[in-house]
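Same chain, two partners: chain A is paired with chain B first, then with chain C.
Moving on to the complex of A and B:
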């Protein structure tokens, strides 16, 4: 039993890592008032570029760096369109996803070695090994948490840091102010445009790391559409986490674990239909959204979406 | 400002859609010369659901196309189009090739069935070939292979080599094609190892690398030491290899991409059918048919064995192959029992045709549910 729980937890954490990075990035982006629906495309681009770099250079650090640069650039396009050009954020985000999906499969067929018909699919590159923490690393339960790859360990650190930054620092306060009421924030001397640019680009970089984790650690190698819709799950996760990086961990564990659990239930021969379990995380998201609205309408505290989310910021005409 | 932006988005989306469907002509001739010759050449078009880069389903159809080129050389001109979605888009693409004067069109996915039927009725002069469907017309044939035969053979290999007596099977959807494969595989496993069971997990995807890997890991955790699959990725095989476990591939020779832990793979060899039907069309003897070829016709086969497979297992597989090819025995000949021990076919009988096609049962030895 302990063995089963340990292996379930291990795969849940591993499956959740890519979601966690992208979710934290998206929370920061949305907190600044920019909705980025391009996550799926960015994760795919992060995956394909990081894998290509790791294959040719054998440097995981460089692979991660390039993935972040590429997705930061994609986020920059989104930022330019939505912040400077004041375009519809939904349309721009969807274009980025469609663009990233197409370009990543195109690159996957062109960046590979000549011996493999220029395909990246079917070649093996270097990937992040699991590192076991000495002493406690092979205890039951502990081994699930302390026998993971380096990106997952970094994720453990990022959750509290991201929470601390958002709620306990001045910069975090500024960020939240920009997302809630950009006009007031501007009056307080915060540069709204610059803030939004910065956090959109940071969000993109995090999506890139998420994609790189898929291609370099979770399912090592490149497959077309390797994300399998994870970018969209991230959008749901942000809502589930109520735009709070601390709560993101619960959501990623739920979403990441549900598949692992579903397959194990099938292997154990239970009668619960797999499709029912598969829709559970979405059901919980809808439920969370409903409860949120009810709570906000009858309660006093505001915990939901940033008020200015999705709205372009126009300075008053001079 | 706004106007500019809409143009930008319009251009971006237009570009994406254009690159989505890439057209590739494999003719090296260029310019006017090609244009003159094209009128004399027999032009063949292939509609692919994926890209040859999948190293699976579409890759095998691509290999078949290459075999047509090798055999008929300058007499034919072939072209293929990748990533065509099933549904109305398919009709449009198929119709376009028919209008451009292609003589023969292969549509290589089940979902192209109705679009192909629709377009075939509009162009009676064009030969149509649809893979894996069941609707035919005067100018429309269907073709498929008895994949269950090599699946059975791969079951013999898995049954001989499992130590835990649990073999995992990552399966896509509970449709006849897939359950037939599971049943044939299990019959093979149980023939050499009556104690072994085949544990089945449904992923509800044909292609989702992360899901298929997780399913394989769940099976490995449940004690499986060999992973077989019916999916379009190599992830289950890779997951098994990382755990130091063995696997059986599918579609194409996955051993060459993953390593020798892939014991063997039941594979398609469409060239055997393609060269025949194109030849008939060239000679004018082509007739509409429902083709279901097996090991004998060479449309399906077992990929070469990994060096890990012991010699006695290899020779067993050779004996069984010869038996199937000679026609003296086939996989679904009795005695066969279903999962609950009910007799489906007694000694000397075989499962009746209707049941064989619908495959709404699991044979004895399968540990899984048909949902």
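Moving on to the complex of A and C:
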């Protein structure tokens, strides 16, 4: 029994890592007032580029870096369209997802070795190995947490850091003000445009790490459906976490857990259709949204979305 | 150059010693030949002024005269198209609010610049450049408490903004400026939303700051405030500077004339008070606010045809819930609301509209108009369901246009045309558009909430005249206002609200400011007598 729990938890955490990176990134982006629905496309691009780079160079570090540069560039396009050109954020985000999905699929069929018909699907590259922490790393339960790859360990650190940065630092305060009330932020001397650019690009980089983790650690390998809609789950997770990086961990564990159970059930060959389980994360999100509204109406604190989320900011608007 | 310029401006009226002394004070701020254009309008046309240390400069003008845009240029929210700014004799380029803040210029905007979901302390330190990456909130809170004690600005640094009253929010705004070490304060209509007591408190603070050598620019409509604490007064009209005077050399009448370009009537022609049958009957009404707390405690009153029934009181004592209850915007807990003897309790706004109730909300841009739609569509927004605006579900655009042109003409709405986006009009003209729509559709009851709040003399005059017109035509008018003068001037009967109750209902001809003031603080009428 304890063995089953340990292995389920191990998959949960591993599956949750990519979600966690992308979710933290998206929380930061949305906190600045920009909704980025391009996460799915960015994760796919992060996955395909990191896998290709790791296959040809054998450098995991370079693979990760390239993935981040590519997705940062995609986020920059989103930022330019929505912040400078004041385009509709939903339309721009969806375009980036559609674009990223198509381009990653195209690249996956062209970047591979000649021996494999130039296809990346089916080849093996270098992966992030699991690192076992000495002593406690092979205890039951503990081994699930302390026998993971390096990106997961970094994620452990990123959660408290991201929380601390958001709520305890000057920069975090500025960021929250920009997403909540950009006019006030501007009047208080904060550069709203620059802030939004910075955190949109950072959010894109995090989505790239999430994609890279799928291709280089969780799966590992490349296929067109490697994200399995994770980019959309991230959007839901941000809501579930109530835009708080600290709470993102609960969501990623829950959603990663659903993933792990799915994995198990499929392996065991049960009759529960996969689509039912695929639906669960979204059902949970709807429930979370309902609870959030009820809490806001009857409680006193406002904890929901940043007030200016999705709204373009015009400096000299009336 | 800078000194000559300043002397030129003030060569008038340096007759006594005090004036001489003031004139010798150093000029700390100068704006020269500022021009700011928006698409279609010139908000500021070649405006120059100077401000001296320890002085208050009043900026007077109607809505849309360009006062706020001039100040927004000064703090770096807008970029001027031409002109230059000098601080302490040095030419400066104010490209953003952080630049103006580092020059010691701070502004309290008409709409408060506060983040509701953050605490007082967080709002005060927001955007300060030389702050540690991890601010020591405890030390900051202590410093805030210190300042608030020094200036008698009581507020808890760890409260959230949404928990605070309007008066408290303004204290936070002032604290914010002092905390940042501002020595030039810009106050954009600071008393528009304050109670008389809170305004008094603000006056005290301004005087204290003057003594400390700080200067202020005061944007206002209220003549008595201009006279009370400004040394200089500048009058703007349609983007141009039309007069600059020493305050001691002028008087309210002259200023009002310069501001609107004509004599302002402070008197109204009002027909004889001949109340008819009851139009609005409220019986034992009680209701809760958005937090679920009791906001109205068994209120009963009648508004008769041919009368203006005024409701006085400090904002937040249940006036909004009362208005919402008699327009169908909120559910009532007990009691009943009758319009012309038909029970409308807990019916929907559309039922009230059909019963002939019109409503002028206090939140003009939020509830009164759809800001991004045209004047034409906003004017038709109430009548569009029926003939002649539409027929068989299709809109008749030619009638819309005819109607809008008619209304613009009749209510003297100053707009480039009926197709202009309504939010680009000045506050006064937006209010005129709302008045036009609501009065045109009013058949029985007109509910007006703070209709002249934030409006200039001319627009206020227009609003009040329209309300009296409705009364004289035999309609019932329910007027909620925080300005006692307004109520005493145009209302027939006045009820005073305090903590969700009526302290008493008085005939306006039979009361005075003092009696109303005492009732506003919670004394029942029989106690006052």
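Keep this in mind: the second predicted complex is superposed on the first by the 297 of 318 C-alpha atoms of A that agree within 3 Å, B and C clash if a C-alpha of one lies under 4 Å from a C-alpha of the other, contacts with A are read in each partner's own complex, and residues count from 1 in each chain.
Definition applied: contacts are C-beta pairs under 8 Å (C-beta built on N, C-alpha and C of every residue); 3 or more make two chains touch, one makes a residue touch a chain.
Note that the structure is predicted; figures quoted are calculated from it, not measured.
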Request  = Mind working out whether A:51 is in touch with chain B, chain C, both or neither, as first, second, both or neither?
outcome  = neither
Query = A:197 contacts which: chain B (first), chain C (second), both, neither?
reply = neither
Query = With the two structures laid over each other on chain A, which partner does A:188 touch: chain B (first), chain C (second), both, or neither?
reply = second
Query = Is A:128 touching the first partner chain B, the second partner chain C, both, or neither of them?
reply = neither
Message = After the superposition on A, what does A:11 contact: first (chain B), second (chain C), both or neither?
response = first
Query = So, does A:214 touch the first partner chain B, the second partner chain C, both, or neither?
reply = first
Key: Comparison of chain B and chain C by chain A residues contacted   = B
On chain A, the residue positions that both chain B and chain C contact, one per complex = none
Task = Name, in rising order, each residue of chain A that touches chain C in their complex.
result = 168-171, 173-174, 176-177, 180-181, 183-191, 298, 300-302, 307, 315-316, 318
Note = In the complex, the residues of chain B that touch chain A are 1-2, 4-5, 8-9, 12-13, 16, 19-20, 51, 53-55, 199, 201-205, 207-211, 213-215, 217-219, 221-222, 233-235, 238, 257, 367-369, 371
Query = Which chain C residues qualify as touching chain A in the complex?
reply = 38, 75, 77-78, 96-99, 101, 107, 109, 113-118, 122, 125-129, 131-135, 160, 162, 291-292, 423-424
Key: Contact footprint of chain B on chain A as seen in their complex   = 4, 7, 11, 15, 81, 85-87, 91-92, 95, 98-99, 102, 105-106, 108-109, 117, 119, 121-122, 214, 218-221, 223-228, 230, 259-260, 263-264, 266-269, 273-275, 278
